[in-house]
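Written below as structure tokens is the structure these notes are about.
Chain lettering (A, B, C, D and E) follows the sequence in which the chains are written, and residue indices restart at 1 in each chain.
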Amino acid sequence: MAANNKNRMSVSEMIEQQKQKRKFFNQLERLVPSLLLIIASISVLTTVGIIYTLFAESVAFFRNVPILDFFTGTVLKPLSQNPEFGVLPLLNGTIISTVIAMLVAGPIGMMSAIYLSEYAPDNVRRVLKPLLEILAGVPTIVYGFFAFTFVTPLLRMIFPSIEATNILSPGIIMGVMIIPMIASLSEDAMSSVPNSMREGALALGSTKLETTFKVVIPAALSGIVASFVLGISRAIGETMIVAIASGSSKNFSFDITGSMQTMTAYIVEVAGGEAAAGTTIYYSLYAVALTLFVFTLIMNLLAKYISRKFREEY
Amino acid sequence: GSGDADGAEDAGSESGSSEELSGSIAIDGSGTVYPLMARLAEDYMINEQQEVSVEVGRAGTSAGFEKFLVENGTDFNDASREIKEEEQTKADELGFEVQELKVALDGLTIVTHPDNDWATELTPEQIQGIFLGEYTQWSDIDDSWPKEDIKTYGPNENHGTYEFFYETILEEQDLVEGIDLQKDYSTLVTLISEDKNAIGFFGFGYYQSNQDKINAVSIDFGEGAVEPSLDTIAEDGPYADYTRPVFTYLNASRAQEKPEVLDYAKYVLENANNVAGETGFAPIPDEEVQSQLEALEGIE
Amino acid sequence: MTTKYMDAELVGKRMSSRVRKNTGWKGLFFASTLFGLVVLAVLLIRIFTQGIEYINIDFLMNHLSTDASRAGIMGAILGTAWLMVVVIPVTMVIGVGTAIYLELYAKKGKLQSFIATNISNLAGVPSIVYGLLGLTLFVRALEFGNVILAGGLTLALLVLPIVIVAAQEALRAVPGNLSEASYGMGATKWQTVRRIILPAALPGILTGAILALSRAIGETAPLTVLGIPALLIPFPEGIFDTFTALPMQIYYWTIDASLVAEYANLAAATIIVLLVLLFLLNSIAILIRNKFQQRY
Amino acid sequence: MSTVMTKAINLKLVRNENERSEPEVQKEVVYDTKGLNLWYGETHALKNINMDIKEKEVTAIIGPSGCGKSTYLKTLNRMVELVPIVKTSGQITYKGKNILDKSFRVEDLRTQVGMVFQKANPFPKSIYENIAYGPKIHGIKNKKILDEIVENSLRGAFIWDELKDRLNDNAYGLSGGQQQRLCIARCLAVEPNVILMDEPTSALDPKSTLRIEELVQELKKDYAIVIVTHNMQQAARISDKTAFFLNGEIIEYDKTDHIFNNPADERTGDYISGRFG
Amino acid sequence: MSTVMTKAINLKLVRNENERSEPEVQKEVVYDTKGLNLWYGETHALKNINMDIKEKEVTAIIGPSGCGKSTYLKTLNRMVELVPIVKTSGQITYKGKNILDKSFRVEDLRTQVGMVFQKANPFPKSIYENIAYGPKIHGIKNKKILDEIVENSLRGAFIWDELKDRLNDNAYGLSGGQQQRLCIARCLAVEPNVILMDEPTSALDPKSTLRIEELVQELKKDYAIVIVTHNMQQAARISDKTAFFLNGEIIEYDKTDHIFNNPADERTGDYISGRFG
């Protein structure tokens, strides 16, 4: 084919010629991996930054407040004349709100995932899934506003004794916020179960329900559990909803109709409040943040561990 | 017209509005003072100096001082208390001359649920009794009052209001266990407006904005019950015992360099009394305004 | 296989109840899916009925004010826009760069899995913690103050994991046979990455970037700790100006509703603006996903 | 020249002819397809298919890729409905009832018609649970009966001896050929009448292929078997009848030796001789 | 009986033999593989491969799935290195240089050795850009020269007439056969010396297959061609030499007619006659 342009140099000759010029670029290219590595290490630096910040200031805190008191204290009165820095009220608030959120998001998210992955016709899924994902995209401040101005009054109609700020309403709304996360991740896990597996079960005369519960869910279990753990981690870290709708009482109680403060809400309160840098209360912010960070870190590692360890091989 | 800025400097300023100034002014500090300061800042920018930008934050009195007492810090710090010794020391170290400006008076208001038709008048002793936990039921105060548990509310320790309540009204005795202390006033107002046995306290401004939802308790300081109002919470008024001044602190060293800062300081003093009422504060006496203005003249 | 264990009649009888059970559960599953949507609908209706009448040209264009009848949110809109001016380039460069490194350059080994684990953990760090990082690092240590640059960098770090993960997935989705073809032509690695893999992954990367952006736009918690002024009347004009942003304005108005009741309505109106903005962004993302995504 | 290949095929056909010459008993028609058309959206994938399938016979379906073999097979147990855009017309009667009728319960049909897929698809469970799955969902709970079923099914699939000591191992640990026989065993466990096989050996090595082919010969004594294969030699070796599909049509359907030796249609011959496909 | 198939193969072989009988010119060896071993981690995928490949010849590689055909092909342009766990020993000289040597720049090798894959893999770009890609990355920027290259390459792949009016269309809009020829054209654009083809027709319909086969016959005049195929008839039809791989070893490598008519090894015969695989 090169025969019909005798008057021109052949392409391979041209390429050979260009090769000399490209030597320079080849040199440059060697730098690419290092350059990219530098960029990639920014995320590591971020982690280092977070850990350093939290640790450095927490150390100052624990110089004033014994670690044991912090982790076993049931009274949190940071600004009082005789300040007490027990983190348990905050942990309690965080755990209770998370449990409420997961009681809402777990079953509903899971069942939505089943519907979307196993039952919904394609066109329905294409509409419903993005719609559901809008829920995850609603800014949490909006949820906070909604929980405070709408859900709480609504709950009051059912439980008249409920307080204007309570942990129940933000808990429920946090659950709503997490539904799409669980639905979406579980749906992904279930959708990635190969169809051949479903076909195998259906071909034996299983109903869809049986196929789902006996074959698909067991096969997708690791992904589903991981989605739950991530949901929990999200609930633990959620800030604005509880900051607005759950008030700031630092009660150590289990009354979900009452006001409680979570770790995140405490951080917002103290950071936006009167605490002056250098005071114990200011440092307490970082001690709480460190606790929060460790909590979510454990959750995330757990999620990762679960999805790796229990991944079904198929 | 930023080109006029140079001219403004040597012209000095007798009445702040005559010269066109530019630049920016940063204010932070107390959330209690914030409504007043925000209002003043806004009026200043609209009516006096369009080219000057004023930003008002409300990090809180102490956090505000943190931002105030650093190189390139804020120009003003609002405070619902006086500057503390260590803060003053820090200012000295930095070489800042700090000028205290008293801008208004805030009356601490005791509030109840609108349906509460019994506890409309209380004495300071009874209030202490309630908030120290000596009375647990209304009937402990007066036999004719309902035999129901009193529920106490207030802003939490974050607020200067709490500090004042604790230091002045409770004379540094510990508050009753189980009092519901909230961070946000909106929460507090809602809580009290929905609890028939509620009694709480906060600044007069928050009562004024929510008169339809809550009642104010009249206080009997020994000469008959006094209802808190803009008139009664004046410096020598009958409600004075429950009244405290609020301040803004000026970095006077900065004001020497930035004419707009000085100009704004004057504006605040001259106009605070005009808008105080709308934002829930009582004015301070004119003489005091004048003497503070004179002190400012010294800065130049 | 001579023994008959399966009693056809019995199986048939049980089948009816099994099929019915299937139908019943299906209804439940469907109802669950609708639950979230119903809440969403209620939320939207609630906010729209409260806020829609406050939305007009003045509200959108005016400066902020303590006077509810004059207050406008242009400053907050511009603040949010300026934040994006910082967030977009920072996240795109770092996010895509990191993803390229991890997917295409890094040797599968300790370093690579360390960085990957690190990123997935970062994705789970609560946003408020990023706020503390931003406060300590950008506002205080680097002395930026509470300016757009500090806020933007904080948000950029916050959404970085989202962009990285999305970009990684997009890069991974580019079929290996495309790069094989490119290598087969004698292309170098970088040429293959730049001319074949990146263009093919671009729709996926953009989708992820837009989703990350909308996350950044709606984030409030990290900003609450940065010390954003509650009243800021002038419009921000550059990344070294102080600022307010839409979610912060919503937050301040919500908690100040006890001062001026109308603030609650302004908050609702601002929420509508924010939601419309997010809706537009997400529509663009979906459009990109549906229209430009190459089917291999 | 070309001796090897010719010999190989001869061998098979001889054997097939031997079988044909057995006294032919009248076999019952299990499936009767009449005027079946099927569309995937706009794609007309099956065109006017007419075909009957008899018990105790192996029916092979051959044809080039994309001609509709799998589609037809999946229509026989209505698995094709899992693709939402599918439309059908015509009828398929299974034991006298039209299964394409919407009122016909697919679960019943699939209980009676087993299917084995191209790629073995065991469940990610133990070997035991794989086999017991079918009986369990159909209501058999008795552990002893289940044990028996598992054993019998594995025996039926010629794999009992290999697996009897590792019944609790995960099925994914098995080799491809073992997995495929496991899937056949799983299918036997619910005692179907018909077994549909879609290229069951195409992913397997020669040895495993041989075992499956032997198994098919064995199973044919009890079941009607329909097998899709791309391997002509395999069709020739194991089937009684062969249908040749092309572009969604049946070009020819006849006894296997006819198809391989005297194809009525030129295209059948071309395909078998490897001239295309 | 079995006449159709026998005839078909004979036909091909006759043609092949005719070609062989042309006066044989001494052809240059392009690739010389000596004692090549390759491991994927622990898997020993190629075992002591010795094979030379000559210019202006078509060399076919056949063998059952997993025997190492693709692996060997990818070793010839070192594409196999994209799998990180690969280890090699032995040597492959290309035009006298050992390409397995780490100092040998793979980009140069791959520029001179084109590759066509089983599944057509055009870039998601316009037809023009697909062809121009190779020349461009090698530094040719001149629009006029590129235009010429595009035309010549498409002509070379017998597809210019079909595509000349839609050069700016996305390549994904082409049919499978067109895509495959486009990929061949793309490979011609950098004027390689050798073209490696890995089952280039296995995803194609008979007609497209035929066109590609004709094209291979045409290209062979200028290039050395190595083609992996699972289709014995195809190997017989188009190749000059055939290598039979089994489990990573070369069982037999010889002239194609030898392999098909007089295989030296029994397994070769078995494989060709379809007894396994």
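Throughout what follows, a residue touches a chain if its C-beta (ideal position, glycine included) is under 8 Å from a C-beta of that chain, and two chains touch if they have at least 3 such contacts.
In this text, all values refer to a predicted model and were calculated from it rather than measured experimentally.
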item	value
Touching both chain B and chain E (chains)	A, C
Co-neighbours of chain C and chain B - touch as defined	A
Chain whose average C-alpha position is farthest from chain D's own	B
Furthest chain, CA centroid comparison against chain E	B
Intercentroid distance (Cα basis), chain D paired with chain B, Å	86
CA centroid of chain A to CA centroid of chain C, Å	12
Chain centre separation in whole Å, for chain E relative to chain C (CA means)	48
Centre distance in Å when chain A and chain E are each reduced to the mean of their C-alpha atoms	50
Set of chain D residues in contact with two or more other chains	107-108, 111, 137-138, 190
Numbers and ranges of chain B residues touching at least 2 other chains	59, 63, 184, 190
Where chain A touches two or more other chains at once, by residue number	205, 207, 210, 244, 272
Touching residues on chain A, where the partner in the complex is chain C	26, 29, 32-33, 35-37, 39-44, 46-47, 49-50, 53-54, 57, 107-108, 111-112, 114-116, 119-120, 128, 130-132, 134-135, 137-146, 148-150, 176, 179-180, 183, 205, 207-210, 230, 233-234, 236-240, 243-244, 264, 267-268, 271-272, 285-286, 289, 292-293, 296-297, 299-301, 303-304
In the complex, chain B residues that touch chain A	59-63, 65-66, 156-160, 162, 166, 172, 174, 180-184, 187, 190-191, 194
Residue ranges of chain C in contact with chain A within the complex	15, 18-19, 21-22, 25-26, 28-30, 32-33, 35-37, 39-40, 42-43, 46-47, 93-94, 97-98, 100-102, 105-106, 114-115, 117-133, 135-137, 157, 160-161, 164, 188-190, 211, 214-215, 217-221, 224-225, 227, 247, 250-251, 254-255, 264, 267-268, 271, 274-275, 278-279, 282, 286
For the chain E and chain A complex, residues of the former touching the latter	108, 111-112, 135, 138-140, 145, 148-149, 152-153, 155-156, 188-192, 222
Interface residues, chain B side, partner chain C - complex	24, 26, 28, 34-35, 38-39, 41-42, 45, 53-59, 63, 67, 72, 184-186, 188-190, 205-206, 209-210
